[in-house]
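First subunit A sits with subunit B, and in the next complex the same chain sits with subunit C.
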Partner chain A sequence: MQAWRQAGFWLPLMIVFLWGLAVLLIRQDTARETAFTLLMCVGLASSLNILLGYTGYVSFGHIVFFGLGGYTGFYFLSQHNWSLLASSLAGGVLSAGLAGLVGLAVLRLRGAYFALATIGINEAARAFVSNFEPFGGATGLFVNFSAYEQYGGAGPALWTAFTFLWVSTLAVLATSFLVKHSRFGLGLMAIREDEDAAMVMGVKAPQAKTIAYVISAFFPGIIGTLYFFKNGNVEPGDAFQLHMSIESLVMVMLGGQGTVLGPMVGAITYQGLRGYLLTSPIFKSLHLAVAGLILLLIVLFVPAGAVGWVRGRFPRWRRVLE
Partner chain B sequence: MLAQLLPSLTDGLLLGFVYGVAAMGLSLIWGVMTVINLSHGPVIALGMFATYLLFTHLGVNPYLALVAVAAFGMLLGFLIYGVAVHRVLNAPHLSTLLATFAVNMIIIGVGTAVFTTSPHNIDFPLGSWEIGPLTLPATRLVATLGAVVITGALYLFLYFTRPGKAIRAVANNRQAAELMGIPSARILALSFGLGTMLAAVSGGLIATFFPFTILSGGPYELKSFVICVLGGLGNPLGALLGGLLLGGLEGLIPTFMPVSWVPVVEFGLFVLVLLVRPSGLLGAK
Partner chain C sequence: MKRKSLFLIFGLAVLGLVLALFTQPSPSAAAETKTVVIAFTASQTGKLNVEGMRQINGLNLWVEQVNAAGGVKLPDGAAVKVAAKFYDDESKKERVQELYTKLISADKADFLISPYSSGLADAAAVIAQQYNKIMITAGAASDSTYKKGYTLIYQSYTPASRYLTGAIDLLAKLDPKAKKVAIVYEKDKFSTDVVNALKAYAEGKGYQVVLFEGYEPGATDFAPFINKIPAGVDAVMGGGHFVDTTTFAKQLYEKKVQTKMIALLVAPPEPKFAELGEACISVIGSSQWEPLANYTPELAKAAGLEWYGLSVADFTSAYKKKFNEEPSYHSAGGYVAGLILQKAMEKAGSADTAKVKAAIDAMDLMTFYGRLKFDTSPKAHGLQVGHDMVYIQWQKDAQGKPVKQVVWPEAGKTASAFVCPVR
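On to the complex of A and B.
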């Protein structure tokens, strides 16, 4: 089965590719900002899905990789004048390396114990970074305005950041598909269904889980660096928001966990909904409650998510909606 | 050093009792149905606001109001269990985590709309006692006493009454308990109600000495996780000891390093205990 022959591989990629291309051609600042937020959510939700959807391990603190990777990348960018490419890769590599170390220990825990440990790691990392002087402590770091000059000023730098994010999102989606359709991915899904049985059948569960964790941590590190580069500053409160972790979980659930297209659909739907609720006069003050209600209804009645539901209902569409 | 250590440690320990009550609710729910109740924090905040409303609008003594808050917490627990938890009890962990988190979002959302996020406080000073070098605010002492009484009552309930024994039986083995004629759905609802009741009461106690907002439950929820793991997940009585341990640490650490390092140590210890002894320092129940 070659990936490039399958419709399910190309569908999410083409959507993001054409979308990003359109934004780059229109060259409008508002369109870019909207697309930046949405693509960031797509990237974060899809990388979380590699762990959550395929392996079945709930990481409540996945944003820690976004935060720590973003901090590292931003540190090299602002303090050592690294280029955006090098520093975002550094952020990704640090996140991935950390996930490897942490994963070897924490992934021995199963189910709710693992979920609790990830919350603990996120809070510990936030508290640690607030006290860590090289990262600026509680006030965080700022990018020197002159750093934008190598990209032709602050305006074009934002477009560079967007292009980088666009490429990273494409990479996440492609990785997600390739993982799902590899032997390795099958092993992960076996772990999700029954870890003990999978081990008996020869799946090396500890390694497989750790690799999945590493992959799902690599991309948030890159995305974090790009996001903070765009913002121009980074501080602990922004970088480790527990609710962002949970929002990505909601996006994955909304679209359908364990599918390639699902997290993307979920991220776009959730952000669209949030935007609508925040601006509508009736729901403005109640947007969080409405979002909670929708989440509750999904969990109770459509646990497979939108894409999962369609796949279950219309088997013929399965080849297209991976 | 010692002059600083003693008051700080006492303060921490007294707070620890109240933390313990909050964590007891979380631990009880985990022990009976292996559900991590992510709506715990907002329920604590609702307990604070219920006490506040009864005190400022009806002039009820805040400690008397706790009785009403307890009843309210119990009913709220029945409601949350019936609407959000019962249906997904046997589904994978993700479902119960997300369902209770959805309840969390709903409560915070409605609460923010109603109460805004500006701080409130209950102005009910009881003076303070001086014992040697220590100055103890009486509200803290009363809260500590309340925590001890609540723990004692919970122990008596779980070990010497029929519904309490049924709760322990369901926690031990739900199917076997059902075969013995215990209506497990009702017992599960009762346990969830007890858990949220403890959360609401602890909120009421905290409200008597700290100002609070609708978001204030969050930090106590996180502390409750740490305490539950220290005291043994699912061991409600161990939670009080876990609370004392955490309170003691919070009192002890600031004398050795800056206060801002406290969460690093707390959550670091939390992850470490989870890794080394997932059943908790004091053993699971």
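On to the complex of A and C.
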């Protein structure tokens, strides 16, 4: 299968590529900050989609990989002066490794039991980190402001973090497409439709699910490191926020689970809307109510998610909207 | 039907956008008089909204009073009006940096005030320093923010490392024979910072810390910790935030823990703490500021300090009149953040960052909120070194109802502290 010949492969990549490039060329700080929040959500939602959308397993605690990976990366960055690249990769590798170990144990659970177990893992990780002295215990870790000097000062450091995030998001989207269109991905979707039937047909379900879990955990680890680097500090309370898990789920469902473009559309819509409402002069005091109302309307009228709805309605577009 | 409702939604969305475009304030409106923009994010929603809103109320009161008086008066006779610009941060860190960047670049902020809480302030500080903007932090007590090499971030609160240390001094006064201290605390950034400093201070003064245990945030049952408190302990200290500390105080009473002193974080100064009834009596708490605090021009004179701004009584009555509630230390912190900028601008004679920074660095004065002086060493620049906590104790009034009294420091007390009665 040659992915680069398909429009569906290029569409999400080109959108993010051109968007990031435009931000880098305009070099406006407000645009960068907005793009950072949105790209972070695109990355988190798309990596969750690799598990949720393709295998149908709902992970409520996916943010644990963002938190623990971010913690690990930030630890190497702040305590051992590793470069941003090396430490974010370390964060990603740790998250993936953890997912591998956890996956072997909990992916034997199905449905609601798996979803519950993932919440437990998030809470366990928070409790572990707040008692783990090398990670600063309950007070967390921070970088000295001078650490940004090696990137040419705080301003350029934030641009570096943005560029890294941009590249990571592109990587998530490419991976998402490649997984979906591989033999492995077909196996995952067979599991989603009927796990027992898939196993009868020769899909090694436990391994396949674990690999999907590992892939979907790798990127949040990287994104976490970049996010905490940008913030300059990390604390247990910020790293393992259950609401961020739930929000990623909402973004995936909004855009269309099981599609490559869907989580991206969902993340941009959801966070873009929230950002707009927060700062708009009319809605800024009512933003939560308005956001809730719009979400309700979307869920009521477009349950398959935006991309799913378009794909269902206009079959000819399916080749483009993967 | 489906298509119709979708069109309806789409139509509504377009209408909203159009409305938003037409109601943007025109940029030329405020161009005639010189105005400085004070910008911040406020926790209007989310878990910090009570404290966050009080802080913003205090700050807004300052803005209103300054503008009513014709603005900040500079030495050359010019006056500068103040405009506050803010967004909701939902008590979450995710958007703090994005919003502060917007406030600086799009809304042209001249000075910044921090969001409420150390965690959010930490994220905002990176942006403030990067854009060369002065930020006064309010509600951000953790010491670590000021040890990161920032040069433009100034703390209005007494830092966490001195939050409960006065309780040890008070204990020494209350019972010179006291020796054993038990510390039970919430395992989060703020409380851990406080008790680590408290433990070091107590041990430095020759006390023996017989118990040092942390509980998870959100804990509701403290029996396992209370059972561990050894008999004959002279003081129980610690706690965390409002809900857990209140429960802890209640359970200490129900379990009839015998000790001479109970000193806890955050909850005791809140008026709601009185709802504990008998269980709140004799409990001591530290507060950044209290309406009872007696900071006066005379006290400033005696200490050889300059007095600045309104009196405690004026602040309290103006706040009560505007917001219909008693001001808390969060409110005072918000107000004083503005007051620091006002004084610095008056001294600097302009709103220029470098000049105002020099003025704040040199500041050492007394206000209704207490003394204000900032560390200027490169290691802890901006850390508050002048301001002290006041300690309150819940006592009984003539009718036997719980009433708050300031018991420490000695100079500002409204009543003497007493030893915990036998329970």
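Everything that follows uses one rule, which is that the second predicted complex is superposed on the first by the 295 of 322 C-alpha atoms of A that agree within 3 Å, B and C clash if a C-alpha of one lies under 4 Å from a C-alpha of the other, contacts with A are read in each partner's own complex, and residues count from 1 in each chain.
Here is the rule we go by: a contact is a pair of C-beta atoms (placed from the backbone, for glycine too) under 8 Å apart; a residue touches a chain by one contact, two chains touch by 3 or more.
All of these numbers come straight from a predicted model, not from anything done at the bench.
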First (subunit B), second (subunit C), both or neither touched by A:K230: second
Which of subunit B and subunit C A:S130 touches, first, second, both or neither: both
Which superposed partner A:M189 touches (first subunit B, second subunit C, both, neither): neither
Which superposed partner A:A138 touches (first subunit B, second subunit C, both, neither): both
First, second, both or neither for A:A171, with subunit B first and subunit C second: neither
First, second, both or neither for A:R108, with subunit B first and subunit C second: first
Partner chain in contact with A:V320 - subunit B first, subunit C second, else both or neither: neither
Which of subunit B and subunit C A:T34 touches, first, second, both or neither: second
Partner chain in contact with A:H287 - subunit B first, subunit C second, else both or neither: both
Subunit C-contacting residues of subunit A that also contact subunit B: 127, 130-131, 138, 285, 287-288
For the subunit B and subunit A complex, residues of the former touching the latter: 30, 34, 36, 83-84, 87-88, 91-95, 97-99, 101-106, 108-110, 112-113, 222, 225-226, 229, 233, 258, 260-264, 266-268, 270-271, 274-275, 278
Subunit C-facing residues of subunit A, complex: 28-30, 32-34, 36-37, 127, 130-131, 137-140, 142-146, 153-155, 158, 230-233, 235-238, 241, 244, 275, 278-285, 287-288, 294, 297, 301
Residues on subunit A engaged by subunit B in the complex (per definition of touch): 52, 56, 58, 60, 105-106, 108-109, 111-113, 115-117, 119-121, 123-124, 126-128, 130-131, 138, 246, 249-250, 253, 257, 285-293, 295-296, 299-300, 303
Subunit A-touching residues of subunit C, taken from the complex the two chains share: 2, 5-6, 9, 13, 16, 19-20, 23-25, 44-45, 87-88, 90, 92-95, 97-99, 101-102, 104-106, 119, 122-123, 125-126, 129-130, 142, 144, 148-150, 187-189, 191-193, 214, 216-217
